[in-house]
Every structure is written in C-alpha cells, then in structure tokens.
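Note that chain A is present in both complexes that follow, paired respectively with chain B and with chain C.
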Partner chain A sequence: MSAARSVYLTANVAILIFLIAPLAVIAIFALNPTPYIQFPPVGVTWRWFQKFWASPEFTNSLVLSLEVAFAVVVLSMAIGGAAAIGLERGRLPGARLVTALFLTPLMLPAILTGLAMFQLLLSFGIGRPVWALVLGHTVVAVPYVIRTTLAVLSEFDRRVEEAAAVLGATPTRVFAEVTLPLIRPGVFAGGVFAFITSFDQFPISLFLVTPGHETLPVVMFNYMKFDLDGTIAAASMVSILLAVGVVFIIDRLVGLRATVAI
Partner chain B sequence: MPAVDTLDLHVQPGEFFSLLGPSGCGKTTTLRMIAGFETPDEGTIAVGGRDLTRVPVHRRDMGMVFQSYALFPHRTVAENVAFGLRMRGVPKREITERVATALGQVALAGYEERRPNQLSGGQQQRVALARAIVIRPAVLLCDEPLGALDRKLRQSMQVELKQLQRRLGVTLVFVTHDQEEALAMSDRIGIMNAGRLDQVGTPADIYDRPASRFVAGFIGEINLVDGTMAGGRFTARDGTPMPCPAGSDGPTTLALRPEKITLGAPGSGVADGTITDASFLGDQVIYTVTTGAGAVFLVKERNSGAGHLRAPASAVALDWRLDAAVLIGRA
Partner chain C sequence: MSDRISRRAALVGAGAGLAMVAAPHVARAQAATLKITTWGGKWGDVMKGEVLPAFEREFKCKVEADQAFPFLPKLAASPTSAPLYDVLHTNSNEQWSALDQGLVMDKLTVREVPNIKDVYPYAVSDRIVGVSIFTSAIGLGYRTDKGLAPPTSWKDLADPKLAGVRGAYQIPVNSLGQSHLLLLGQLYGKGYQDLDAAYKALEALKPIKMVDFTGQMEKMILSGEVTMAVIHDSGILRYEGQNQPTEFAAPREGVLSLEQVLNVTPGSKVKELAFAFCDYMLRPDVQKKLAEAVWYSPANKTVSLDKKYADRLFITPEKVATLIQTDWKWYNARKDAIDARVARIMRA
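And then the complex of A and B:
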C-alpha cells in the first residue's frame, strides 16, 4: 500500500519536473546576464527584457499576434459555439460525420494545413492578407470550441429550457436568457484554447505571414536562426506570462471549472 | 406504436386531477401535449373552450413543475420566480410584490437571494412551485414533482401542495406513478395503461370499483378469482360458489380487496383454508390463505391487540359481504 503510494508520488513528481524544467531553464536563461545558456546562473538582469521591449520587430509582432489571437478567439467562439449547438440539437442527418470533419484540423499535422492554405490562397490569387492569417488560425481553433461546448451541452438539462418556454419565453428569449448563459463556460473554455492555439501558432503562420507582418513565434524563429541570446528567452517568458494571464482572467470571469472533461 | 392512443380526457375547473400509471404508459407524454411540448397527430387540446392545439408553448399561459425542478441555476431564487412575470412585461414594482407573495405561499420568504444550488431538494421544489404559480396560471401541470424527495418530505409536500391548490383554486394536472400519492391527493384519477386511459374516477371509485384487471392490479393489492356467472351466482373455476353482486351470465373475474375478507372458524364462511404465510406489518397482518381447492387468497387483518395473531398452519374460514366483491370483465 505505502510502497504503491510512494511509487505513485515519485511518478507524479517526475512528470511535474519533466513539464516544468524547460520553463525553469527559460526563466534562468532570460534572467542570466551572460548571452548564452549557463548554469549555474551568474546573476540577475533585466537587460534581455529591455532588449525585447526596445526591438520594434519584437513588439510589433507581439501586437500583431495579440490582435490576430483576439480575432481568432471571437470568430472561433461564434463559429464553434453555433456549430456545437447545431450538431448536438439539430438532428442533422450525418451529424457524427460532420462532427468528425470539424475535428480533422486537430488530427492533421499543422504544417500540412498551413501548406494547403498557402496553396489555396495562391491559386485564388488572394495573396497573404492578415484576415487570411486569422482564418487560418480559426480553422484549427474552432475544433477546440466545438469540443468544449459539446461537453457542456451533453450535460445540459433541457427541462430548464422547457421551464422557461412554459413561463412565456419565446424561443429567442429562451436562447438568450437560459441556453447561452449556461453554455458560456464551455464556449469560453474553448476560447482559451483558441487563444493559445493562435498565439502559439507557428507552422500555419509560417506559410501565411508576409515579411514585416510576422507573428511573434515566427519572429522568434527567425531571430534564433542568427542570434541566440537571452532576448529569445525573454520573448518566451513574455508570451508564456501573457497566455497564463489570459487563462487566469477568463477563469475569474466565467469559471472554467464549470466545464467538464474536454 | 404511439405513446398515447385515442385519449379523451376532461378535467374540471379547480380540480386536482392525477394521471397515474406505470412508466411508459403515456402519462408524461399526455402532460407534455397539454403543455405544448408535443403535438398530437390528431385531435384537439382546449382550456376553457380555447383551442390550444396549435398554440406554441410560450403562449399557453400554463404553470409547470418538473421532477428535476428545472430551476435556472445561474439565477437567484427571486429571479427564478420573477422570470414568468418578466416575460409578460409586468412592471418591476408589481414583480417584486408578486414574487414576495409567491415565496410566502411556499414558505420561502427570506430566501430571495439564494442560488438554487444552495437549497435542499424540498426547497428547490418549492421555488419551482412558486415560479409556476406566480403567473396565476389557469392550469398547473406537475410531472412527478415529488418523485425526487424522500418519503417523509414527500408526504408533507403532498399536504402543502394540496392545500395550496385549494387556496388558489387552480386546475391541477398531476402525473405520478405512485398510487398512494394519487389516492391521497386527487379529486379524480385517470389510470393510464399502454397509451390509453383505462378508468377515470374518484380515488374511492378506482379503489373499490376497478373497471379492469389492470386497474385492479395496479392500485393496491387484490385477489382475483376467475369463474363463471350463471343465474346470478358466481362459481369459481374450482367449483366453489362465492358471494358477489349481480352481474350478467358468462365467464368473468371476481375481484376482492384483502382487507374486505374476514377470517372465522372453519365451516363458517365461503371456503375453508389454512394459513400458509403471514407478514406482520405493525398495524396489520397479511395472511396468505390456501383453500382446500388450492386457491390462494391474501387477507389483511387489523392488529387489534397482542395475542390475537393467528398461528401458522391454523385452519380458518374465508368470508365476505356480498357487496365487498366486484366483478370485472375479462381484460
């Protein structure tokens, strides 16, 4: 019993270390004054962060990444939320097939999705405007919203909607006053994933950005090809903290804990 | 197969009417048709002469209480109760007053700001009830509203619901599979079986004069004896003549409630038998009596005092009054 318990604890600690160690390495790298990875660190400095903030290339790409991610979150919540309701409630013939189709972007390697989008845009002569980048991210973000919304909908007690209807609520008001508030945690949980998917997106962005209008991961990749100093670690820390901040704020606002297994 | 087949049901204004039947008999479907969640393939549904068959749910002006309460989990008690009034565009001040009155009627004054998940099952069901009656519906529909409550609470809620219905004068259609509940609360009961109404009547009618084998067997316990009527006399299949009210000649079934049989000394009644089993229930004892011809009867005897319990295997006679038995046609 206690032997099994200590094995269990050890395994958990090992997995946690495995997950957290890279973050620790980046944090040390970002704060260490030497321009290369060194252990143990020789001191603490903000110079890499200062260099990051001083570089228009980095800050412009950070702003672009945030703008794109915001647009992707709004779009994918609207599309994914509506799609999930339709799939769960619509009694559509072939709803399972359509659900599977909606989820395929999760299964395809993103590099293929990016290449396919690039070729599609080329063949239509559209070029690579920012809205195409937003749409590209949205395609891979929507499945997350569908999944999380479907999870909430499958637990949904439809009697609550019926009760509202008996009390005089038109179908539109039932949706606005009961359905929407109750599925909101699921849609927002999907929105968090959509944000991370977009903010973190590299393979798709690689094909869809134009020089001078690159997202943060692409700029970081390009930077690393020529320089490897603490700036890249500082950029990583900024994007990690932003992602954690967004998750935290949304959790405070709508309570992601209300969402069940995804 | 249709869930409900050829149903003709008239509920009187101000009546407490129960639809009673086993699960899957169509009682909930019937209630959902009245509410407007289901549309009948043919026929009409009317309230007070107004045809509602094609009227959508939200314009039927009915109250409904669900077994799962179906409260809005994201709203407070007061907001839950106010919902129907808000949908009707009732002014804010009037809403506040009427919500307070309704919560008072279900003894929940002071709970306005709680959330449904902070309430017990019984309290949630009271909120559901207040939410339904605050709109002053002409008809209140209840779908097994007490089914999720424990026995003690259920009994006190039965009394409260009944009193509230009387006070408000609302017509109440109550769906239940619990026969005791239906007998205790209803003015009239409709027994449903396989999508049809088998019998409609007062609780006493249903209990004492069941119209079919199904009704007889569904409500309480009953002894059923197959036999033949000839010349106004009933003879069981095993040849024993038995007292019963008048009826037409032919094969029929005699139905007899266990508590209407009296036990006496052998040779003094309709048939002699021996006690083959006894269940002591406290206020009464249920004996299983097997007659000489091999028929088995259940007999309920009141426990009138210590020392009066009958010994197993003792010989007894079964007897009953003419009007204690009813004849029911072969179902």
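And then the complex of A and C:
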C-alpha cells in the first residue's frame, strides 16, 4: 500500500470516528443505568427507553414532530420543486434575485425567523396553530429542495423533453412522464433534507409551539433543564434511528445513489 | 305539499346540525382560559397531574401551561393588550426585567391575592416583583466521599484542593451564577455592589467548571465530575433516600434565595382569574403538595410539612432570616457590562 493511500485511509477512519463518537456516547448514556454520563458504563438497562415510551409528553411530541415533518416534506417538495422549475425554465426577470430571496431563510439565524413569525402571527391575532408551525418549518426547508432540484435541472438534457413532444406528447404529459421522473432524485433529496430540518428544528419551534403541543426537540430541551438523565439520550437514539429509517425509505423509493450523486 | 326538501329547509337543517356538532366546542370556548408559564420536571408533573386540574375544576376554567422557554422574549413579543400569558412564573431576576418592559404588575397585594397575608416577608419584599410562592436556598453542594470536611463558609469553595473540581454557573445566563457573583463582592470586598472585588474573587476560583442549568450541575455532582459546587438545596435534597454520596451545606454567611415568583400581566383579559391562581398557589395544601414533591421551601408560613421536609427546608423564622435576596434591579441595570467583564475573565 502506498504512503498516500495509507494517509488517505487514516484520514477517512479518523473522520469516521469523529462523526460516530458522539453517537457512541449517546448510546452508552442511553443504555447506562446511572442517571448521568459514566465511563466505563456500569451495566446495561432499557429503563431510559422505557421511561421515554411511558412518558406521554415525549411520545406525543414525537408523534407531533413526525406529523409536522411529513407535512413539511410534502409542502417543501411541492413548493421547492415548482419554484426550481420556474427559476430554471421561466426566464423570469430578476431570477437571480428571486433565487436569493428563496434562499434567505438559510442565511438568517433560524431563531430570528421564529421570532419574526411569532410576532407576525400574534399581531394578526392568529395565535399559534399547528399549521403555522408547519409553515415555519417549511420556510427553512424549501431552500434545500430548490437547491437540490436546481442541481438536477442544470444537468437536465432538454432534448429528451423535445423528443417526447415531437412524438406527440402534450406538455402536461411531457411534464408528468419525462420531466418529473428525471428531477425526482433532486426533489426527493431535498425532501430528505426537509425532513431532517423539520424533525430537528428547534429555534423556530421554540416560538411556534403551544402548551401541550410541543415538538420533540423542545420537550427535550425543557426536560434537560430539570432532569438531565438517560431519557434524553434515549430520545436522541430514537430520533437518530428515525432519521436513518427515513433515509432507508428514500433509498427504497428512489435509490440513495441517485440522491447522493446530487 | 311536496316531498322534496326545499333549499331553505335543507339550509336550516344543516345549520341546526352544525350547531349541534359545534355546541360542545362553543361551550368550551366560553369557559375562560388562563394562560400561565410553569416549570418542567417533577414540578411540571405535579402541576399538570394534580394542581392545575384541581384549579380548573374549582374555577371552571381551562389552564394552558407553557413549559417551553424562553418565556420572557415570547411575552415581550406579544401585544401588551393581548399578552401571551396571564400569569408569569419565573425566577425573580426575570420578573424585574419584565417589570422594566411593562410586562407585569409591579406589586401584588392582599387585596388581589388574600393569601399574601400569610407569607414570610421575603415573599413580598422590595426585592420581589409580584409574589414569591416558594424559595430554594442556594448554598454549597458537595461530595461526601472525597475526604472533604463539610463546608461551613462560602469561602470553602476557594480551597486550592478544589481546583478544577469546583462548579458554578455561566453568569450571563444563569441567575444562580449572577447572585453568587454579587455574593463574592460581599465576601471579599465592601459589599454586594463591590463588583471589582467580585471579579477578583471569581478569577481566583478558576479553574472552575461552569454550566448553564442547575440540572447539569446536579448530574456533575452525582457523577463526581465536581466535588463542590454552588447549587440550590432542592438540587441535592431531591436525591434523598437514593444512597447518593452528596450533601447540601448552608454556609454561615447565609444562603442565597432562589425565589419562584408569580406575577400577573397588566393586559390580561382574565385578571381576576389570574389573581385567583396566584392565591390558589399560596394555599397551604397546594404549597405542601409542591414543597414535598420538589423540595422547595413554601412561602406561606402556615404550611405544615412532614418532618423529613420540615427539618431541611427553610420554613422557620430563624432559617428564613438567613436568606439573602439579590437586588435584581441593581444587577439588571448593569448586566451587559457585567457579562462583558465576566466573559473576559473566563476567557483569560
């Protein structure tokens, strides 16, 4: 093995360890019987997972987080996908400015977006319904879908669409049977990011959740302030496993290779 | 007469049907809703499990209890004429900030909250905005298995043997850290407002482990990551009976008071209900239930606690006299400068 290859492998292993080590610590904390982080662990227990699943506060927030995240995925894929097509194909005046505007939520600190939305909702007397929470998450999720879809569209061979049109397909049919399948990896990749962004979203949720309807990250934060025990680690493990599960499902649906290639 | 249903009849029927379906919701909507803030953890469990349902039944209302921080920025961002909360429960420092912004009433009196007649003077002193319903005593928590003599003075935290294993709080974000800083001025300087002496004493405590939340500090003491730390008594006493090698010491110079304060927002649409809630929280039975659940010292002096709690909590005039209340108005006015200076000290 050449020296360069050894360095390359070592660097990769080091990065892998750097990425996995925090997860390992969480797993140890989640399975350790003591209510604090202890190394080496003194045993193995499921009590923190049991406590997590037995707590209506945690389970309800998990369900709400999942519901919101799925709604955000659908909305952001629809809005982001359509916006990307419009920006790429629409020959819109000021398309660059509009693209920049769509990406603004990524540049602003999310806590400011949350606070601004909170004030807006209250000043209109709307309150904080769940749809506002979905909307808030969608605002920061849409840019991911736009970016990933634009990346696919920039590589898009338009001659395929022209061929379909020449063969007699209507514009609607061309869109449904040619354009959509080809941009699907980009839209789905954005959907994965949208899911993760929403499921982990904390700063925006902090302002938009209502009593009794808190998302999992908010409940975890509040719990940590008073009871920092293994339940938090168990909740983190559940979150991680769910995120991995979603990536797995996406892989089944569209193929992870296509998604990763973007 | 036609058998067919006329459009008008259909509309009337549909309207009546909708009204029937909506009736329970309308009835519920008519019941007043009291919006409050409250803590999580065991406190939140008792509040949501027992205290609030009992209040709702007695006052025929609905209580919306927000446990999601940060309370004050959310209240500040809501219109003052339609505040997000009717009752604000925070520690004392935040109540003073809220008062500065016109978000809470400056005083609650016996007229609005009759049970105030039974509280210890500290609960409605000039250091309190609103009314303190409980207090914890901030002192020193320590490990009993490290061969240390139990601390008797705040100055014991500066013992060189504790370098790197003593704990306190991130001063910009934690009121325990802030009140401890002022106490350092009193201990090592000319008084609570002697910030120069306080900064010097803080510097002398380095290396010190600083955390944001008291919950983190509890775990650091339990895990042995720190041997001695500034902490409120409930953070140690709540593990009583679990064979943990930890103990709480009340230094002879006095203990800092960590008050749980309730106040009412001036723009509340259900102010009478908000006052009733404050009064309810001061009832002896409610005070006893919460005090024994979370080891907080009740402010109502007529409360009779079980011996185990009575022996440890601050419920006698002698013990209450040792509580030191921080001048938050003075502190908040200088907070930005203090934060900047502390940040420099801790970075150095």
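Of note:
One rule holds in what follows: the second predicted complex is superposed on the first by the 246 of 262 C-alpha atoms of A that agree within 3 Å, B and C clash if a C-alpha of one lies under 4 Å from a C-alpha of the other, contacts with A are read in each partner's own complex, and residues count from 1 in each chain.
Simple rule for what comes next: a contact is a pair of C-beta atoms (placed from the backbone, for glycine too) under 8 Å apart; a residue touches a chain by one contact, two chains touch by 3 or more.
Keep in mind that what you see is a predicted model, and the values were worked out from it rather than measured.
Taken together through their common chain A, the two structures put chain B and chain C side by side without a clash. Within the superposed three-chain model, A:Thr34 lies in touch with chain C and out of touch with chain B [touch as defined at top].
Touch criterion not met for A:Val246: it reaches neither chain B nor chain C.
Seen from the C-alpha centre of chain A, the directions to the centres of chain B and chain C diverge by 160°, a value given as a multiple of 10 for the model superposed on chain A. Touch criterion not met for A:Ile204: it reaches neither chain B nor chain C. In the superposition on chain A, A:Gln119 makes contact with chain C only, not with chain B. When chain B and chain C are set side by side, the one touching more residues of chain A is C. Of all Cα pairs linking chain B with chain C in the superposition, the shortest spans 44 Å. Here chain A touches chain B in the complex through residues 157, 159-160, 162-171, 173, 177-178, 181-182, going by the rule given at the top.
Remark: chain C residues 35, 39-44, 64-70, 73-74, 77-79, 82, 84, 213-216, 218-220, 222-223 touch chain A in the complex. Chain A contributes residues 34-38, 115, 118-119, 122-123, 125, 206-207, 209-212, 214, 218, 221-229 to its touches with chain C in the complex. On the side of chain B, the complex with chain A involves touching residues 35-37, 57-64, 66, 68, 70-74, 83-84, 87-88, 128, 131-132, 135, 141.
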